[in-house]
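The structures considered in this document are given below.
Each of the next two complexes has chain A plus one more chain, namely chain B in the first and chain C in the second.
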Partner chain A sequence: MKNDIVKLSWFIVTYIVLTGFALVYLIPFIRSITASFMTWEQASRFPPEFFPNPFTLENYEKLFRLELFPRWILNSALYTGIIVFGNVILTSMAGYAFARLRFPGRDALFSVLLALLMIPGFVTLVPNYIIIYKLGLVDNILGLALLSIADVSSIFLMRQYYASFPSDLFEAARLDGCGPVKAFFYIAFPLGKPAIGAVAVYQFLGAWNAFLGPLVFLRTPENFTLPVGLSFAFQRSMWVEYTPIIAGSVLAAMPTLILFVTLNKYLIRGIVITGGKG
Partner chain B sequence: MKKFFIFLHSYYDKAQTKEFIGGMLLILGAAFFNLVFGYFSAIFAVYLSFMKWDYIGPMEFVGFKNYEIVLRDLYRGIIGAPYLLTPFFTGFKNIIIYTLMVVPAQTFLALILAALANQRIRGAQFYKLAYFLPGTTCPVIISLIFIWLFMKKGFINYMIQFFAPGFAPDWLNDRNYLLPAIAIVAIWGTSGHFTVSFLAALQAIPRDLYEAAMLDGAGPIRRFIFITIPLLRPMIVYVVVMGVIGALQMFDLAWVMAGSSGGPGGSGYTIALDIYNEAFTRLRPGVAAAKSLFLFTIIFITTYLFQKRYGKVIR
Partner chain C sequence: MARVLLKNLTKRFGKVIAVDKINLEIKDGEFLVLLGPSGCGKSTTLRLIAGLERPDEGEIWIGDRMVNEVDPTKRNIAMVFQSYALYPHMSVYGNIEFPLRMQGVPKNERIRKVREVARFLGIEELLDRKPSQLSGGQQQRVALARAIVREPEVFLLDEPLSNLDAKLRVKMRFELKRLLSSELGITTIYVTHDQVEAMTMADRIAVMNRGKIYQVGTPEDIFYKPSNMFVAGFVGSPPMNFVKGIVRKEGNRLSLIHGEVKLSIPLSYEKLVKMGEELVIGFRPQHVEVADHPFKGSIESHIIGVEKLGTENYVHVKCDDLEVVLQAPSEIDFRKKDKIYWQPRENLIYIFNPKNEKALYFKR
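Right, the complex of A and B next:
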């Protein structure tokens, strides 16, 4: 009897703590979404109000009246597209070769690449800027994308995935006279879909949310991506009110929110494989 | 000529060389980009740190002068010069305080939340989703939202009122509260991410262990301390190491919430901001390279010592 009371109160405490923290994590999102439909006069009121009254689309209109904003969306999409596509192709090829093909120096090269994970991005930032500058690709989305087009942790993830297959499969293809490159395109690539999906999702998040790279390598406002553009708009005080910034933030967070809601199982599983490099 | 091609073809046809060439072809792209933008750049950074340069004129070898600038900055900061004279020291001091605030808090919070959500309860999936959401959102966007929430008459001060009446600092314009505000945003943004890492590790712990402990009469808190924590140790080490690496390089939040010069009194200035300013506003890439190598050394030493003391991170 006493035991039951202890158990029950433990359950109640658990739920209170879990729900409390869920609110802490969710309220900023809910509050920004509702505030993006408010006038600034209402959104800045104290004590805060939670329902838009009057309901207005003015903030979004103001955003799109700024000609730069649609360009930032396009730039972000282009940058993310190149990164996701490049990583899917390059890292799945490399991961397959590192896991399945035998050639001299394979493991040494893999360790050399893996060691790159230890070097913080700030060490390579300035030299990379100089390289890209010498190539004449500063202020160019393509030049920026080259820097992270073959992410080492993606190579690692792909290699681990391909290494988990039984070797009979690739052995059989080899005996049938299927060369290593052909085997990659006809067998390994289609088989690698789950891991390729994880790479694509992680690279999407990384590229869509990237800030330091775009900030350094993109120079003119027309070429900015969304995060850089929004922080630029904020620092230049493009609007008297703060609500357009909130609306812009909501729009910029939408793709990752939607991706998360639809593919969360995938993402959470991916964390287990990569160990959570976000 | 034809003979040459026949030779080439027969050479390629040998299984071994086929595999070698195929492997090279498949690895080429990934290896090339990483060797150029990773290794070459890292070596170039070391080279650059001994050079005086302004991006345009010729490079000039100056020996350890760039490192001397960094060390003098640190020395001046220690004897108490104002922050404008000692940007690197200010950033260094702030980032250490910030790391000491963020890493323990986010690790502890993530651990507790994961342990609670790992019980057999309804709606565990919902909680997982709610906690993980901030981790997938862009830090810049999070900062922009929190600038508004942290305003003097903003939402956070309104909520605080219920717990600590009368406490309503102007977070982002007060030099005493700017860094804690950034730390709060960082903890909010990353703890959920690590919660999911812990949950994954928790699910690998066999349930029998808990059941055996329960039969022996151990309550939930004792089970947590004597079973969960020891078995989770590798994951805790991993989360702390990753947290430290991330915290020491913090840039996005400070850039947006404090501005590139670090806000009032430089109270939101970080090493990362200083490297950026050195390279792209003061236009001294050599000094920036020296500072970045200094940052690398700090990260390497702290994570190395931590792993030596508490066990290696398994990748």
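Right, the complex of A and C next:
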């Protein structure tokens, strides 16, 4: 009896804490959705209000009146597509090489790569800009995508995944007539699908929501990605028109949300493989 | 089919010598078992032959080619791994077909060969399944099919039965031997630490320890004529008993004295041993006369334990500081007994030099 009460109390406490955390994370998003249907006057009130009064679609109308809005979505899709595709191919190959091939300096090279994980993005921003500038790729989606086409944390994730396979499998492939390249395409790549899925989802999220990179490397409005374009479109000389930006952000979050709902098992797999953040 | 020849083959991993200058010839069509305890270098030897490891010294010949520098894919060998190493994302059909695809065999030919091998191994109805949907025995058959379909010159098997349960292992042991030796006649090198597998399957056994081959011979040779104490102790279950003592001659009898224990040695050994010399006598638990009453020349010992295996009993006995295991007749009732009488059969004892641990033999 006493045990049951303790069990029930723990159950209730656990739910209260989890619900509390869920609300902390959810409220800004719910508020964004409701604010996208408010006037700027209501949205900027304090304490914040949650129910649009009056309900308005003006923010969405402003958004769709923007001539460049479809272009920015297309740019974002292109930028994200290149990054996802590049990471899937390059990081799975690199991960396979680090996990399964024997070559001089392999472990040293991998350690150097891992060390790169410790370097914050801001530190490499200027050198990267100089490289891209010298290559003549400033204000070019391709140039911007080049910078993130092989992410170190994805290489790490793929390497851990391939290292978890028994070596017998790759040795059997070798005896069956596979060189390293054939073994990658016939064995490693199909077997790596769960980890590759995780890499694709993480890279999609990162690229679709990227702001700093596109802000620094893209110049002309036609080349902007959606997050930069939205902030550019509603930035007035003295103030920022936030409600259309919020409406744009809600729209921009849709693919991410759909992706999360359909592929969240890959995200979780990514966390399991690396024992932490993918 | 081809013979395999190893000449002074050596492999080191850092300071550890895994394979130490071994010389071995496996004849064309022969079923040779590499037998030894874990870490003795038997799997490394197999991997060297397969080309998965590079030798530090020595030569590997398959047929009339030295293959030291030949890529594993071109050695015309097939290997079955302990874990079977089936490709989990491919169907059984895909697994068996895979080596043929890699060889560039035309599709029609591939289909024909896969079906033929599957029929031969009785796995035709499994072709559409994934490896995860198969039992251990079925997985093993698929691994064999994948190896057979390539029509290799040499078969390498690395403990292929160790993942199966005891009953299936006995069944597959028989099937494998029948298939590889009698039906296909392919040169086979089979690695195991299980002496029963080795004894029942091999044409010849090579017993390995610490990277070296201690003896090569037929199962009968290995069991009845072990060339040293390691082989004598490793092959046979329970292991051979060893008793160290001094040789004495009393009248026209030769004996080995160990404390209060006196063991008779055949007089024919007289030319091979010196009186007063220290020697080791070995005898198998099965080669002992055991009774619950004293008899001529018997040694009285205390029973310290009995293992009942159904058709046979193994008795652990102690006499002075000597502990030995004996096979006892099932008629003896051990419940009320604490003493037993025994004597090794004189014609089935082995004598070893305690310094180099080699067996001393005479013509019987």
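One rule holds for everything that comes next: the second predicted complex is superposed on the first by the 214 of 278 C-alpha atoms of A that agree within 3 Å, B and C clash if a C-alpha of one lies under 4 Å from a C-alpha of the other, contacts with A are read in each partner's own complex, and residues count from 1 in each chain.
Rule of thumb we're sticking to: a contact is a pair of C-beta atoms (placed from the backbone, for glycine too) under 8 Å apart; a residue touches a chain by one contact, two chains touch by 3 or more.
It should be emphasised that the depicted structure is a prediction, and the values quoted were computed from it without experimental measurement.
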### Task
Check whether A:29 is in contact with chain B, with chain C, with both or with neither, and answer first, second, both or neither.
first
### Task
Would you sort A:98 into first (chain B), second (chain C), both or neither based on which partner it touches?
first
### Task
Using the touch definition from the top, say if A:190 reaches chain B (first), chain C (second), both or neither.
second
### Query
After superposition on the shared chain, which partner residues are touched by A:166: those of chain B (first), chain C (second), both, or neither?
second
### Query
First (chain B), second (chain C), both or neither: which does A:85 touch?
neither
### Task
Have a look at where A:176 lands relative to chain B and chain C in the superposition and call it first, second, both or neither.
second
### Task
Would you sort A:232 into first (chain B), second (chain C), both or neither based on which partner it touches?
neither
### Query
What is the contact status of A:64 with respect to chain B (first) and chain C (second): first, second, both, or neither?
neither
### Message
Between chain B and chain C, which one contacts more residues of chain A in the superposed model?
### Response
B
### Task
Name the contact category of A:113: first (chain B only), second (chain C only), both, or neither.
first
### Summary
Overlap of the chain B and chain C interfaces on chain A comprises residues 174, 179
### Query
In the complex formed with chain A, which residues of chain B make contact?
15, 18-20, 22-27, 29-31, 33-34, 36-42, 44-45, 48, 55, 112-113, 116-117, 119, 121, 126-149, 151, 153-155, 158, 188, 192-194, 196-197, 200, 219-220, 238, 242, 245, 249, 251-252, 255-256, 259, 272, 275-276, 279-280, 285, 288-289, 292-293, 295-296, 299-300, 315
### Message
Quick check on the complex: what are the chain C residues that touch chain A?
### Response
50-52, 72-73, 77-79, 81-83, 85, 87-89, 98-99, 102-103, 146, 150
### Query
Which bits of chain A are touching chain B when the two form their complex?
6, 10-11, 14-15, 17-18, 21-22, 24-26, 28-29, 31-32, 35, 43-44, 46-48, 89-91, 93-94, 96-98, 101-104, 106, 109, 112-114, 116-131, 133, 146-147, 149-150, 152, 155-156, 174, 179-181, 184, 205, 208-209, 211-212, 215-216, 226-228, 230-231, 234-235, 242, 245-246, 249, 252-253, 256-257, 259-261, 264, 267-268, 271-272, 275-278
### Message
Show me the residue ranges of chain A that touch chain C in the complex, using the header's touch definition.
### Response
166, 168-169, 171-179, 182, 186-187, 190-191, 193
